[in-house]
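Letters are used for the chains, namely A, B and C, taken in the order the chains are written, and counting of residues starts over at 1 for each.
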């Protein structure tokens, strides 16, 4: 049994296959986009107008979130710090290079080629964030081989969902509350449902934190917190839209954090703060403002959304997560349903309200830019009129606010549906033999997949009495 | 006694009240500034000219300093890492959302509304930095309830001081040496003077570091060090002024760091380096260049200021801090008087020298932009002449260099005066009952306000002989 | 013997001398560059066109790499975390302020002054990176005094090499594979060759990691990983060149990381992952794409380079480093020859291939901008023609691709030659008495140069039986 978790053949074989396929596809289909192609520069090109300077700062911020923020946050277990941080690194790296291809095919494909620029990398990082959120549901119970397979399957399911929603359903979701957070949460729940381990339902001896791992995890939270405004605003329109997205995300996180401290103390029997709340619940506001993050919802609404999202998330951790584990066989290790699912719902509802309340009185003519699908259709005289006021406004679908709201609802159902189907399928694939799935007793234990330093045991769970001599007496 | 430190009712009650008040004020008075308001965009708006792109990079850097830099730096105690990092998170979050309102009222208020953009957030972060510096004086001796109350009181006192100094006294202080560092230091000293605990004067058994906490704290220092140029330059004029602010801050920190290592070894009896010096004294140069950071002081002067500030700071830690604690009942936990007070004075003096030495020969006509109050008054023909050379130059007060220097001195006294008064008042409020003030024996102990993991004791102070059997002999 | 390692007189004396010299040179020779000089601003200056806004974001990213990335990465030893992180801080700080002067003399000198802007700081950080890479070869075996002396000597040797290569040999090496990585690797190897310690060849009891130090070191890796695209692109042309540099670096790192995991498992007898591989080998791709990072090599080529560099680096760690230590007396502590030397060679070769394959068909006329030395000479009618297409194209040397390739080869030999000579000389200087060189038994031990907290021993190597009483039985 123990032998079957060796990575010596499994991991290199899988990676070799993946790399050969990816390299072949890159060679065959990936070229530079116009902003990265030397040949397309001419005497009218101003180098400082290159899209790099608009996109790279946001890309770099999201990089820090993905690799350092998530990495530290997921290293919160005492005996699973290596795995949390390092499997995050591995999974994220693969997910991004794979998403460049899959999203590229759906969104950046023309003339037989995927055109690559930093903007593709930002999109790929969002696909990667989806995988990492889902990873939170199965943390400690999966091998790196399983995680690569999960990324391999989740990225295409996500990309198809994204493509259908953006291209056919056409919604407003600047911060990705529907596409990223709801999708990731339900995909992850479906995977962990299939991977159900009865023996873990009463807790696991190694499922504990240490003083250092708790601090490390808070550092991860802080990196996510600090750069979340960049995440939520990376794909909005430039200018005032992006400006609002930054403001709303900051305010939502801020009120969410304050609320999390209050609720943590209130729900603790001894009136103390719980580090798991500081690590997770403080972030709820960032998700909750997502769907309406670029709209004119007012700073007060962003504040209220942060408080509401945080409250839902906190109650979810206290009451819903145990219920899901005991009754529905859904073992949600990091509570992603609370931080991404419940908050995603609130955010989606808020987005729908904001859509229904939007008016030219508040937004001026740029309403038809933010709510692009409400813009008049091609040929409508109103379109020409608006294009006088907003140069470059693209023709829309002439939807009413009510129609747009219904499409949002449709997108929510469609996204969750595909996420659950994809997650169930992925879960079954992960149960295939030879993927080095950890045995129950080695869950949450770095020793299974890592050469650990000599002080590893000493930081661990006492397995035997400290003074064995005593037992002889 | 122990019961009275439970946060279960106190913290949620306070937070609930604060959140209701803040939400009401946001709803009633906070709207978007012109750069974040969709309605004000028209066919002449270039999205990339939005102020977001000038302000956000500096905002993000200061965010890292506030939440990660300060957070890690304040986690330097062995048994107080949770509290140092997490109370910093809580206090900073509240201080910023509160400062948005208070500073907004004084500085960004028009037409009955506070107009909100990223620039307000930068200003609010500076107010937040003030609170966090003062927090350093009382670290380990205060509950989160007390810290919120302190932020609640300090932000308005600071904002009023700032408003009077900027609007009426009108000074040059780009890096905030007077307004931020001197204010924060003396406010904090006044608070800790009132909160004097005689039993702590001979040290506290828990006031120790650990190997990991020292490393974590150095990480905080490094984040502050790396992004300090953004802090000192965030509110200067754009262009060459901001460029000089970056250069001077870097050079000042650099010479300060080198000096700190030399003095640390020289003042250590065994010729070894002391981690507390690496964590704190290296940063002195960032404060010392503050008041003249955007002026043409020359790179060499920035270098010299770094050396001077570092030396004063180091000597302060060795000789002044113990003296203040023993003789003046001022227990300055993190030595903020050395890092922010003494260096703030040197910086202020250097600023005055730079003002007195400034000439059109060195600065050209843009002298009247940097030293805005020396610009000719409205109607002066010289103003029109200068406006030919510097389009958009605003009329000033026609002050001479000597007059400006006297106003700087006035601002120093006014700032310190209000800081001390505000700090004394805040100290008395913090002594009110029911604020969960920690008992002496639980100072510097995470166990008081946190659910701690099971390895917490093992990293702690030995409370009993390791071999109790021996005592029976 | 132990007395001779006290820093009490040595370090302050050296620092005092250095600071006096540097301050005098700054005062005499350093002034502001045009973008930081108030006097040169006039009514045609647009502040937002200041070079600060092009350079500062990249400068800040590289700062994080130097101080936090390297600092954490070098703190990977259990008993040498203080030293790794703090000596990195000290050495980097001094190296940059010294490089500002030395590089300034060679590259930014005119009218008897060194002209200082943020661009100089970026260049100085590259010189600093060279010193820190070389530091990796002698980590644990050198005092801070020796490290300052090493920086004092290495910066000028590097600056002269850089000046000759850029000014006379004239090569393409945007990511610094030749100038930075090959130079640093061979300089460091030469130094450690001279500092050979026979007793360390069979390992050292203190040369071990701990659970926390391994995690800290991975964090350093992640910071380097995330910001490496900024490093490799900081000094390219703006626009599409910089855009490609970002893309290639990201792709190269990405494929390199995936490969590193596969090889780590494959080469481990028990099929587990090794943290040292995660910490180091994942980064190989960043170096390997360096020399051709701004060229039109195609994303697939960047991917392949990452895989190749990683493989060479990994095999180097397993087979070459032990060989060098045993047979050639070269004790390469951090394996810099693998991460910077071998990969530097592959990168250089790839650069030469890319030069030979470059054609106007692929690059369009901007080929003569990227490969500046292939541009027609002054007076050539083709130059005028090209300048119509690329305004501001500077006259070149009219080199053919083959000629340029030969110059690249010449630069490689010249760089390695000077690096080895400079390294040998530096090594001999470091062996001079009174530089506080650590005795063998105190290598890799923070206790030698730091006041350590009381838990330091407990995290250390057991030196004696835990129950000494037993030995009496």
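The rule we apply is simple: a residue touches a chain if its C-beta (ideal position, glycine included) is under 8 Å from a C-beta of that chain, and two chains touch if they have at least 3 such contacts.
Here the structure is a predicted model, which is why all the values come from computation and not from measurement.
Contacts between chains leave no pair untouched here, as each chain touches all the others. In summary, the pair chain A and chain C forms a contact in which the copies contribute largely different residue numbers, shared numbers making up under half of all those used. Relative orientation of chain B with respect to chain C corresponds to a rotation of 120°, obtained by superposing CA atoms and rounded to a multiple of 5.
One finds 34 Å separating the Cα centroids of chain A and chain C. Among all residues of chain A, those that touch two or more other chains are 57, 212, 459. Chain C makes touch with chain B in their complex at residues 6-12, 14-16, 18-19, 22-23, 26-27, 30-32, 35-43, 45-48, 50-52, 56-57, 60, 63-64, 67-68, 71-72, 75, 81-82, 85-86, 89-90, 93-94, 96-97, 116-118, 121, 144, 212, 216, 449-456, 459. Residues of chain A that touch chain B in their complex: 54, 57, 61, 78, 208-215, 218-219, 222-223, 225-227, 229-230, 237-244, 246-247, 250-251, 254-255, 257-259, 261-263, 265-266, 268-275, 278, 282, 296, 298-300, 303-304, 307, 362-367, 370, 388-391, 459.
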